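Chain nomenclature is as follows: A, B, C and D, assigned in order of appearance, with residue numbering initiated at 1 for each chain independently.
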C-alpha cells in the first residue's frame, strides 16, 4: 500500500470529483489503481491523468467513493498500482467513445493524443470533464443528441483509423452487436468488472478465463468478441453468475 | 549456498592442497569463503587467489578438509561468500609474514602486489606455495632459518612501510609482544578464530565484542592491541573460555 | 528425456504441477486456462453449502516476502457450482475443494460433486481466517477423521486432505487423516499486516493467511515431517515459485506440488516453466523419472545416501 | 521531541529496541557492544545447566526471505556463564535467557543468575529444534505454569516468557504463562531447507528455526492475538528490520521489540536507526510519547478509531 497526500480535490458536477495526489508514478493511459479508504474498502479507479502528479475522476456511487470525496487537501491518500495494460498509441484519425465514468480513463488519452470525443450520459447534469468540441449524447436529450452515445457514434464509425471505447458493459455490448465487424478501424475497448485483487489472482474479474485486471483492462474488439460471456452475464462478489437484464446499469 | 565445479585440485605437499573452482566471484585478498562438504561440516577458508577462477589452499586438519581433498576434478564444490574485509592496498616497501596455512591468505596478496615474504613452518615438509625469494623459518631448521618466523622477521621490521601478518594467534601474539609499538610501518593482521556463521551473527568468533568474521578478518595492529582477550584466551564451540597454554598450536 | 508424470493415489498426472485452491479457479474459464497453460491438474476455489460473498476488500495485500489474504471463502455455493460445472470438459483433471462446518455438510457437498461426474475432492481443513470452518474444523482430530471416513464410505471420490500447519502436532493430524488418498501440505499461515500511516490492518478481516516465498521453509518442514512419519502420497504447496523450489519438495517426499501465489509473480507461464525446469534437472542429474527423486532425502533412502 | 522510553513490568528502558537472544550475545564483550550501539537492553544467548557445543556446522543458512538456524543451544553452561559475568557492568540492562528440560533446572538456573546480581530472566520456552527443551517444554501448559510460578516464588527476578508460535492455541499458552512479567513473542518457526545439487539439508540438524523478514506477519499476528486477549506487556520479535516494522508491532500492542536476524542486514547501526525512525514517526504523526502508540489498533482504542 502506497501513501501520498491529496493536493487537489475538485467537484466536477453534482457527484463527480477529480482528485490529484502527490505521487510520482510511471503509468500509461488506460491503467488503473486500487484506492483504499482505511478501515473501509479498496476499489479500482482509472487514472484520469497519467502525468505526475496524477489524478483520478470518480462518481460517488457508494461508501468508498463517498468517503474519498469527503477528504480534504492535505489528507493522506492510499493506493496501490498502477495495474493493467494500457491503450495502444493511435495514428491517423481517432475517435473516443465514453459512457458514464468511462470518460475518466479516456481523459488520460485526451491529455496525450488528439481525436473526436463522443460522450454519453443519462442527463446533462451527469456530464463532466467536458471540452467544447465533445460530441454529446444524453438519454433524456437535456444536452446534445437524445439517445445513447452508440447511436450518436455509429454513423461515423467508418471515418476513423483508431477507436477507443470505455463504458458500462451493456453499452459496449450494444456497440459490438451493431458494429460492422469488418470495419477498417482498430477498435480497443477498456472493460470494467468487479475487482477484488486487481493483480490477476482472485478470478473475480474474469470473463471466459480472461482477467480484466491483468490481461486488460484494454482489449482489441476481436478479443472481446471471442468472449462468449461478455455482455451476457457477470459475477457477483460470491462468484455467482448474474445475467445482464437490460442494456443499461 | 553456491555451487560450482572443481577445475583443479593439486597436492602442494604431504597434506596441503590447492583447489580451483569454476566460479566468478568479486573478492579481494584477505577475504574468505565458507566451504561445505554436503552432509558434513561447513568451514572457513581464505581465498588463496582472488582472481577468477579462484582458489583455496588448505591443510587436511580433520574431517572436512580430508573430505574435500578427496574430491575429483569435475566434482561439485559448495560454498558461500566471500566474507570479511580485505587487506588494504600497500605502498612503499612491503613485508608479508605468514605462519602455517596463513600463507594461503597472504598468497592472494602476492598475486597482486610485490614485497618480501617471511614464511614459517614446523618443518621443511610443511612448506607449500613457495617461491624462490621467500625467507623461510622452520622450527627444526630443516629449511632456512631455525626458529620462528617472528624471530626471522623482527630484525627487519624497520625496513618496511607496510607489513601484513597472517598466522596462528599465538604467533601473532608473540610478535605483538615483541614489536616496537611506535614502529613507522602500517601493520595489518588477519586473524583466525572458530567460526560458525561467517557473517557476523553467531558471536563464536568474537574477541572483546569484535567479530573476526565481519569486523575483520584484517585488523590494524592498533585494533588488535586494544583487544585484551587476544592471545590470552579463545572460545570453544560452546562459547566457553579456553586459555592459550603455549605459544604454539 | 526424463518422465515427469506422477501418481497421487489412483490419479495419474502427466506432470506434477497443480493449480492451488483459491487462485484463479473460481470460474470454469480460468480453470481451463490453467490446464491449457500446462498445469497437470487444477483445484477449484473452495466451495461450501451456501453462497458467500467473502470479506469486503482489501482481501489481499502484497508484502515483501509473499502475500496476505483474507478472501473469506467467497464462493457461489454448491448448487450454483453444480450449475456452472455440469458440462465442464475437464472433470478428471480438476479436483473440487470443499469446506464446511459439520461432517454432514462435507458429505453432502462431496455427493453433489460426485453427482456431476467429478472423482476427486480436496478437503479444506485449513483455511485460517473464517470462523467455524477451515482450520477450526481441521484442528479437531475426531471430526477430521469422521469427515474423511464418511466421505470415503459414502462416495467413490478420491480424497485429498489439505491440512493446516497452524498446529502444535501436525503428525497426529496427519494420522487422523490417514484414510485420505493424499495429504496436501500446507495451507496458509495465520498472519496479519499493518499500514502504519492509517494505523489500520491491511486486510478488512484483520487476520488472514500468509502465502508465497516466505512460507516455503515451513511448508518444506511440514512435508518432511509428515512424509517421514507416514510415507503417504503428499502434494507439497507453499511458496513454490521456481522449479528449484519444486525439486526441494520432491526431495522431501512430495509426489506433486501446487502453485498459488507464484502466479502473481510469473503468471500462467509458470506451469510450463516449472515443468521444463524439473525435466532439465532430472536429465542433468541423471534421473530417468520424477519418481526416483521423491523422498530421497528422507528415511532409508537418505541414510543410504549419507 | 517525542519520548521513546518504555516500561516492561517494573523495568524502565530508555528506548524500546532490545537485542534478541542468540544473536551476538554469547560473549560479554558483544553484549556491551550492542548496549553501546544504542540497544535499550540485551538478552543473552540461552544458557543451560551444562556446557553444550551445539550442532555441527552448517548452523545457519541465509534464504531469500530470512534465515534458517539450528545452532543447537550451544552455550558454556551456567557455571562458566557465572564466571564470565560475575563482574559484568551492565546487569540491569541485560536479561539472561535460560532453558532447561525440567522445572528444577529452570529454578536452579534462575537462582544462579540472581546470585550474581541480574534481576531479569527470559525463559526460552520456544527453541524449535532441540529435543527435550525449548518448545518441547513450552508446549506443556502445566509445566510452563509451574516453571514460572516456581521462579517467581523462589526468586525476585522479573520474568519474561518467550513463547513458541508453533502451537495450535497460543492464547492458552499465554494464559498458562500469565504470572510472567511480560511475554516475548515470537521465537523462530520450525522450518527446513534443502540444497538441490547435493540433495542434503542446509542445516546439519535437518530441521531448524526460521527468522527474519519472512516471519514478521506471523509474529505480528501472535502479538495481536495475545495482546487482545491478555492486555499484558509484550515484547515483539520476529523479522523486525526497519523502524516501520517496529511501529507495526507497537500498534498491535508491543511495548518493546527485539531484533535478531536484522543485524545480519544492518549490523550494529540498526539500534540507532530504528530508534531515530520511531522518534521521527512519533513527532511527525503527532504523538508525544511511544506509549500513546501501544495497542491503538487493538480493542477499545481501535474501535474508537473506526
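Going forward, a residue touches a chain if its C-beta (ideal position, glycine included) is under 8 Å from a C-beta of that chain, and two chains touch if they have at least 3 such contacts.
Predicted, not measured: the structure shown is a model, and the values here were computed from it.
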{"item": "For subunit B paired with subunit C, centre-to-centre distance based on mean C-alpha positions, whole Å", "value": "51"}
{"item": "Separation of mean Cα positions, subunit D and subunit C [Å, integer]", "value": "33"}
{"item": "Centre distance in Å when subunit A and subunit B are each reduced to the mean of their C-alpha atoms", "value": "67"}
{"item": "Subunit B, residues touching no fewer than two other chains", "value": "39"}
{"item": "Residues of subunit C engaged with two or more neighbouring chains", "value": "197, 199-200, 305"}
{"item": "Graph class of chain-chain contacts, one of line, ring, star, complete, other", "value": "line"}
{"item": "Each pair of chains that touches, named by its two labels", "value": "A-C, B-D, C-D"}
{"item": "Residue ranges of subunit D touching subunit B (in the complex, touch as defined)", "value": "23-27, 29-33, 45, 51-54, 56-62, 71, 74-77, 80, 83-84, 195, 197-200, 202, 204, 260-261, 263-264, 267"}
{"item": "Residues of subunit A touching subunit C in the complex", "value": "1, 3, 34, 36, 38-43, 76, 78, 80, 196-197, 199-204, 206-211, 214, 229, 235-241"}
{"item": "Contact set on subunit C toward subunit D in their complex", "value": "63-66, 68, 139, 166-169, 189-194, 196-197, 199-201, 206-207, 210, 213-218, 220-221, 224-225, 244, 247-248, 251-252, 281, 285, 296-297, 305"}
